[in-house]
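A, B and C label the chains in the order they appear, each numbered from 1.
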Amino acid sequence: MKWDEFFVTGEPMIYAAMVSIVVVSLAIPIALTYFKKWNWLWMNWLTTVDHKKIGVMYILSALLMLFRGGVDALLMRGQTAIPDNGLLDGQHYNEIFTTHGVIMILFMAMPFIIGLMNVVIPLQIGARDVAFPRLNAISFWLFFAGAMLFNISFVIGGSPDAGWSAYFPLASLEFSPTVGNNYYSLALQIAGIGTLLTGINFLVTILKMRAPGMTLMKMPMFTWSVLITNVIIVFAFPVLTVALALMTLDRQFGTQFFAMQSGGMDMLWANLFWVWGHPEVYIVILPAFGIYSEIISAFARKNLYGYKSMVVSMVAISLLSFVVWAHHFYTMGHGVMVNSVFSITTMAIAIPTGVKIFNWLFTLRKGKISFTTPMLYSLAFIPIFTIGGVTGVMLAMASADYQYHNTMFLVAHFHYVLIPGTVFAVIAGFHFWFPKVFGFMLNEKLGKLSFWFITISFNVTFFPLFILGLNGMTRRMYTYSESTGYGPLNMLSMVGAVGLAIGFIILVYNIYWSVRYSPRDIDQDPWDARSLEWSTHSPVPEYNFALIPTVNKLDAHWFAKKEGKPLATGKYEPIHMPNNSGLPVIMGALFFFWGFFMVFSWWIPAIVFGVLILGTLAYRSFEKDHGRYISVEEIERTENALRGAQHEN
Amino acid sequence: MKIDHSVPMEYSTDENKMKILGFWIFLGAEIALFSTLFAVYFTLQGNTNVGPSASDLFHLSPVMIETILLLSSSFTIGLGVHAMRLGLKKPMMTFFGITLALGAAFLGVEVYEFVTYVGEGATIQTSGFLSALFTLLGTHGLHVTFGLLWGGSILLQIKKRGFTPETANKSFIFSLYWHFLDVVWIFIFSFVYLKGLM
Amino acid sequence: MKQLFPAQHVMGFLFSLLLSLVALVAVLFDLSFTAGMTILVVTALVQAGLQLFLFMHVKENAESKTLYLNILYALFVGLVTIFGTLFAMRWGYMVK
């Protein structure tokens, strides 16, 4: 392989990106050395096994990926804003819609949600950490390694260009000869293993580590949604693991799974991809439903309406989400029988989802609503998501789908589901739980300003796409002629996209502003909320709860406040905590290099790194690490300091 | 760390209980993984292209040897866990050692089988059917290989440290893994080999 | 020595060998496809159950209910994947 094949060449934008990558990767170590922060970074962050810090790292990475995916989106909208535009060529456009999809789903939405899960779940169930803290760190570093591996593809070797669903035969070696799709299969594989481990970890955490008295039906709704989500993760991700492994085998080892000429089936890929892919949709949406349930009930000052029906509907979704996948390819050769069955299951899954909408509406009814930033997002979510849901039922009808399939109508539909569903939820959750982690609040004025920018611009961006789709504009086409008449609506969509970008810039500015100026004198429960995480200090001490609370009903913290009775009494005892470990970040690095050499089929270094990965497992197996104890004196000191800080102010 | 002496040592601490539960959930994920491989195999098993079909390729005797080896290893690791619960270190190590030896013998027969297939012109690249077959068998074989490394490292730890809540927990979890591989093999034996020969 | 070989384990082992031999009937005799598959399905399921209850001690776990739910869920997903894929890619593919 020659150097000019190794690096992507010939594009001014790519050269600019290369320069900026080199500058940033030089600037970070120089700054760390100059400010003498290496030790701080290693001790406090890279080796941490603290669920709160791991959560923060997940969310930071997700924000970074939101930026990357957002730039991709702006380029796409810019390219299609006017007919016959030449901003991007066809190849570059293909790469950008592929990376946009992969990054937004797998490296933005998933880690943002897993980050919030990490921060909130142990606090919400009254635990001191997750079940397997070190495994949790490994999950994060595997995700991070996968994300970085995927991102370097656009300067080294070339990005995948067969769409985020990477359908065969297009994604086969014959039609996509660059290493782009090797990056796809290997980066997703590494990140996917991390996600599977997260799933196991949180299932055990929620099943085994709840505070005394918190039975399953007394868990907060966010915890319930995360429990169900992780059930789906555990059983859906292995399917992706297999599908990606078969892709690697087909592209790099000459097998015949998806090749048409030697007894393979190209549609088998689509089938496997969506067997995982549709449950994946519910993996990113169910925690969002949980976040909205928490926020709506907190700011309507009422308990959640229909708690049991909400739980039942989520359990139903977890099963139904596995039996609807073929609705993603109605038009690709199935008989009437297959299409009818999947059409019916798809419409059936709309029922439990619809139930939830009524749960939230009835929670709002007669509530004393306070319109905070998180609440605004939650209120905007209900009508916008309903549009997304209803258009989904339109797409569910197999015969009608022949009209909508692969048009911009579909693109509009899933953005109407995923943005108000997942993105609004993670932003709302970010504003809601921010004070818990950092001990100060995000500015409400700036928060509301960015909310209005984002919500209005979202509709301006994506509503025109419904009409464009019905007019016949297909997805993934990089340009069109003026005579099609698609120009004006695409231009309108571009205007919306710019508005969205401004909204997100205000959001980031809000973080900056709040870090510098936001008052630090907040209470541990600034929103006057309902669940256990608000019963400990903000910011949360390392051990979460000095005394483990005892729970006797749903929203126990709320009723404890009303009745003026503390949830936890007794004397401090030494607290057992896990030790930090450098092994997870080292494993992440080894997986990154293993993946990188695999991408280029450089077998010898790949084998070396594979053996090193096994070596870290062996090291871990022989290691003796019983954790450490925090002494009673230290707990008293921390507790007094945290209490004092709140009283002084 | 609180140790509860009323239950077998592998369950004796909270951490141990969580690890066993976590591993069962992992086995649930493994069921999904092997089911997907079976789905691929069943879908492609008729697509033999120019290569041989299942009934041309399979022979009963190596498969029966493999089955007996793996069933026996499942039996001996069960005896190993039983010996561990009696607190007998040496018998436990012997049974685990026999288990690993049987596992290695199984792998030997499987490799021999693969070499024979390739010698008959049936490689992983020949047809959709053979790609699916080799991948399903290979994934199971890789699990067994990993099991040999894992089991070996546990044997070393038992030898050095004796029975502690940690080593007992690891040994028990390893036995779950090994039994699970046996279950997967039973399905391969029945629905790949015997069905293919039917 | 005797305590090392509990009768239950030995019987279970012999029974599992017997089940493998019974499964051979499907191949050695000229049975119909349905009869052969029935034998294979029944012997495989009994074998799996034997491992699960006798050797994997699923019953003695304090969380056995969670374990059963876990296995049932996995079987649901597994069977849906296998038969759904066959339904979508074999039986209902490229037909009118």
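Observations on the structure shown:
Here is the rule we use: contacts are C-beta pairs under 8 Å (C-beta built on N, C-alpha and C of every residue); 3 or more make two chains touch, one makes a residue touch a chain.
In this text, all values refer to a predicted model and were calculated from it rather than measured experimentally.
Chain contact topology: the protein chains form a complete graph, every chain touching every other one. Set side by side, the interfaces A-C and A-B show unequal numbers of C-beta pairs in contact, with more at A-B. Separating the centre of subunit B from that of subunit C, both taken as means of CA atoms, is a distance of 15 Å.
Look at where the CA atoms of subunit A average out and do the same for subunit B: the two points lie 34 Å apart. Residue numbers of subunit C whose C-beta contacts span two or more other chains: 63, 66, 73-74, 77, 81, 84-85, 89.
The set of subunit B residues that touch two or more partner chains comprises 17, 21, 25, 28-29, 32, 36, 39-40, 43. Within subunit A, contacts with two or more other chains are made by residues 207, 235-236, 239, 265, 268, 272, 275.
Within the complex formed with subunit A, the subunit B residues making contact are 1, 14, 17-19, 21-22, 25-26, 28-30, 32-33, 36-37, 39-40, 43-44, 47-49, 124-132, 135, 149-150, 153-154, 156-157, 170. Considering their complex, residues 3-6, 9, 12-13, 16-17, 20, 23-24, 26-27, 31, 33, 36-37, 40-41, 43-44, 47-48, 51-52, 54-57, 61-63, 66-67, 70-71, 73-75, 77-79, 81-82, 84-86, 89-90 of subunit C touch subunit B. Put simply, subunit C touches subunit A in their complex at residues 63, 66, 73-74, 76-77, 80-81, 84-85, 87-89, 92-96. Within the complex formed with subunit C, the subunit A residues making contact are 207, 231, 235-236, 239, 265, 267-268, 271-272, 275, 319, 322-323, 325-326, 333-338, 341-342. Across the interface of their complex, subunit B is touched by residues 131-132, 196, 199-201, 203-204, 207-209, 234-239, 241-243, 245-246, 249, 253-257, 259, 262-265, 268, 272, 275, 576, 614, 618, 621-622, 626 of subunit A.
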